[in-house]
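Inspection log for the structure reproduced underneath, given as structure tokens.
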Amino acid sequence: MLSKIVRTVANQLILFILIFGLYVIVHGHLTPGGGFQGGAVIVSGVVMLLVAFNSQELKKSLRERTLSIMESSGALIFIGLAFAGIGIVFFYNFLVGTPIFGRIPVTGPNPGDIWTGGVIPLMNLAVGLKVVAGLSAVVLAMALFSSGEEIEE
Amino acid sequence: MDKLLIHSPILIIVIPLVVAFLTPLIGRAGGKARNVLVVASLAFVEFLVIILARDIYLNGIHIYTLGATSPALALPGGAMVPIRIILEVDGMSIFMGIIWATVSLAAAIFSLSHMARETGQTRFYTLLLLMVAGCFGMIFTGDLFNLFVFLEIASISGAALIAFRTRFADAVEGGFKYIVISAVAGLIFLFAVGLLYGQYNSLNIGYLAHVMQYSTLDKIALTLFLVALTIKTGMVPLHMWYPDSYTVAPANITAMLVITSHACMYAVFRVCFTLYGITLDPATVGWIIVIIGLLTMFVGVTMAVFQTDVMRFMSYHAISQMGYMWMGVGVGLAVLGNPGALATYGKAAISGGIFHILNHAMYKPLLFMTAGALFHRTGTRDLNKMGGLGHNMKFTLILYIIGTLSIAGIPPLNGFASKFLIYESVYQFNPVLAVVAMLVSIITLASFTKAFQSAFTGPQLPEYKDVKEVPKPMLIGMGILAAGIIFTSIFPGLVLEHIVYPATDALINQAAYVNGIMGGMP
Amino acid sequence: MMEHVPLNFPFLAAALLVGISFYILIFKRNLIKLIMGIGMLASGVNLFLVALGYRTGGNAPIYTDVPEGPMVLPVPQALTLTSIVINVAVLALMLTMVILIYRHTGNIDSKKSRILKG
Amino acid sequence: MRQVIGLIVLLVVIAFLVSGMLLLIHPFGYPPSDMDDYIIENAQEETGSNNVVTSVVFDYRGFDTLGEATILFTAVTGVLLLLRTVKRKEENS
């Protein structure tokens, strides 16, 4: 539980971290980055909050049940996208050429258009959701356990 | 129906994954629904494995390229190198698949009541399903890096399950040793994969076997492969962690972990027979494996004789039984060079070793489960404290007898069939090996009768007067394995013909595996 | 072949990293140091994987406004990404177990339970 | 005694690695790259994404990433399983 200044700065800073993390996730197929890297950026924000506020307050806002539901749903969306191409093959990129995220970029260097990549942006989002929920649950559980708190089963 | 068949290699791996992701959500609804879902999904996977096995027996290797425009398209247009990840299921992989499906189904049913009174059951079943998916991925994949990824999944879920009973200090320690050993083994394996990738710029086992020139760098990579994978199967110089981890885990998890060690042994065979094939000089590598098998056999059984903890006693026996498999297949590898010797006794040695994997995969989990049943009822694993349990645990007694007779290799039961095959072929290779193998088998029989006598016979101890038989699901779990043992004992010829010989041919016939990829034919 | 030997420094660095981590694994007693050793082994192997994919004068294989020139190999980078996440998972699990061991036994010196690694 | 064995093993490992790395591996900067060249050329129109590494991660070798997401899921479930508060319903037997 750090001083008031740190807490207010943390409150403001978390917004920028979230925006940057989302940027890295969503632009995974254009610029360096992707689901895992963006998720890790957002989790570093969560850890910053954990340091600024003690784990009890964070436990109220980030309830363990919602985190586990978010994580399972992220994983299910990812595997659902992989399953959707089962008509042809398991991991088939079925959205290339379709109206959703389907535009094919000009071959060779191009400025980069977000509406490309087929299944890849959606998978990036699903993995990002999973990484954020999973790792923040781990960090929260470790903090609560070492401070002798109660973690429901 | 045939659509299900074409997609069955990937479905077998992915269905446990999907159900594992679903379990936390369904677990909130209630324990009953979750248990039904887990057992139903494993039963469906068993069904898929059986139809895939029938199809592979009839018309050969199954290829499944992930993400390509059609499942059988290994080489995309204009490229001479397989680009995507290809699942290649041949006789040997589906042999391991059958074992793994049956044992995981039996273990899941066993754990329904064995875990009834523990906290954290939802996560327990999630990790159990993830371990099932991990091992299936390891067995079916034709890609080296993918093998590393699924090896890690099986190790991490295994380590977490070993340390399940966090109230015992030695359980957490056993889990820690397991995760340290698996992490180091995985990273050494990854280093070897990097070496091969650096040379041939491909990760596909079929293509690498096609272009392998066995340069000195490949020799280093081979040693790293062997070191990494044999650490995980508990070979002698590095077997100290094996009993410590396998004693403290819940009985059904140990039963499954033994099969993950078999899967690592399968990976060694895949590397030695398919990836390197004839290019590695079979004599030296074969002899190394035979010697290590001999050592493992001997050290395992001598350490087991004076154990008092029933689970530690059985894990040492698991190590020594692995020695038989190493020796059998090692002899086959040693004579891979000259077709003459291979025809006479090499093939018989390999099929003996592989048949022993099948038998060991049935009676060892059964024995671990009987030990779990004893622990479930008496709360202790110490053989000295038990006594006279035969009076009121009738079924466990019968199942224990089946397992003991089978492990000791007594003629009617299946242990004898595979050991006899190994003795007969290994004797022609080098008589000393066969003599030591028989000696070890006798010691095994002696130590098991001692354990049987101290646990089951003798007067009924006062504190175990009211001990009643183990609940129904545990008996069904053990029953499945006992039925498997009895079936293989009565019809060894049938099992040999349909399951073991195709696996041996698949292992020896490297060309079929390679042109499954390079030939582009399904 | 010989004139390229001095240029192989990245592979030499990876080999030394792996060598040091083996030293730690074999000789160090403290569990936390053991975990650091495994972390170092992992970064050594990752460095080796990424160094495999470098092409002289190559730039990142991303087509958004890429300058002229050959591109570095993309596959080793994908492998390293997976390997890094695996090491995060393994480290998380090992640290949890060390927390539990410390809670049970009160010390994290692995003298009594040390397995001979190596 | 343990120190001696450990030292020997260590020296063997380092000798293996340095000799392999320095002399035998391909010169740094000139890797064999037939698989990667195919991916670099065809990534854009096959997967439609500019970032070739992401197309390898999610499309060419998507199964690895599925395995990896499962690993993360396993590790999280394992950690939460181990850190649960140990209040059992009643004694085991």
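Every chain is named by a letter (A, B, C and D) in the order it is written, and numbering of its residues begins at 1.
Note that in this section contacts are C-beta pairs under 8 Å (C-beta built on N, C-alpha and C of every residue); 3 or more make two chains touch, one makes a residue touch a chain.
It should be emphasised that the depicted structure is a prediction, and the values quoted were computed from it without experimental measurement.
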Discussion item. With contacts counted as defined, which of the two, A-C or A-B, has more C-beta pairs across the interface?
Written reply: A-B
Response to the item:
chain B and chain D have mean C-alpha positions lying a whole-number Å distance apart equal to 23
Worksheet item: Whole-Å distance, chain A centre to chain B centre, using C-alpha means?
Response: 36
Fill in: Centroid distance [mean C-alpha coordinates] between chain C and chain B, Å
29
Response to the item:
Residue ranges of chain D touching at least 2 other chains are 20, 25, 31, 33, 35-36, 39, 44, 50-51, 53, 55, 57, 59-68, 70-76, 78-80, 82-84
Discussion item. Where in chain A do residues touch two or more of the other chains?
Written reply: 30-32, 34, 36, 68, 71, 75, 79, 82, 90-91, 93, 105, 108, 110, 112, 138, 142, 145, 153
Worksheet item: Taking each residue of chain B in turn, which ones touch at least two of the other chains?
Response: 17, 21, 24, 66-67, 119-120, 145, 149, 152, 156, 159-160, 163, 166, 172, 175, 198
Worksheet item: What topology does the chain touch graph have (line, ring, star, complete, other)?
Response: complete
Discussion item. Applying the document's contact rule, which stretches of chain B touch chain A when the two form their complex?
Written reply: 7, 10, 14, 17-18, 21-22, 24-25, 28, 64-71, 119-120, 122
Worksheet item: Which residues of chain A touch chain B in their complex?
Response: 65, 68-69, 71-73, 75-76, 79, 82-83, 85-86, 88-93, 153
Worksheet item: For chain D, which residues count as touching chain A in their complex?
Response: 44-51, 53-55, 57-59, 62-63, 65-66, 68-70, 72-73, 75-76, 79-80, 83-85
Worksheet item: Which part of chain B faces chain D closely enough to touch in the complex?
Response: 17, 20-21, 24, 66-67, 76, 78-81, 83-85, 117-120, 123-124, 126-127, 130, 133-134, 137, 145-146, 149-150, 152-153, 156-157, 159-160, 163-164, 166-167, 172, 175, 195, 198-202, 215-217, 220, 223, 376-379
Worksheet entry | In the complex with chain B, residue positions of chain D that touch it | 16, 20, 24-26, 31-36, 38-39, 42, 59-64, 66-68, 70-71, 73-75, 77-82, 84, 86-90, 92-93
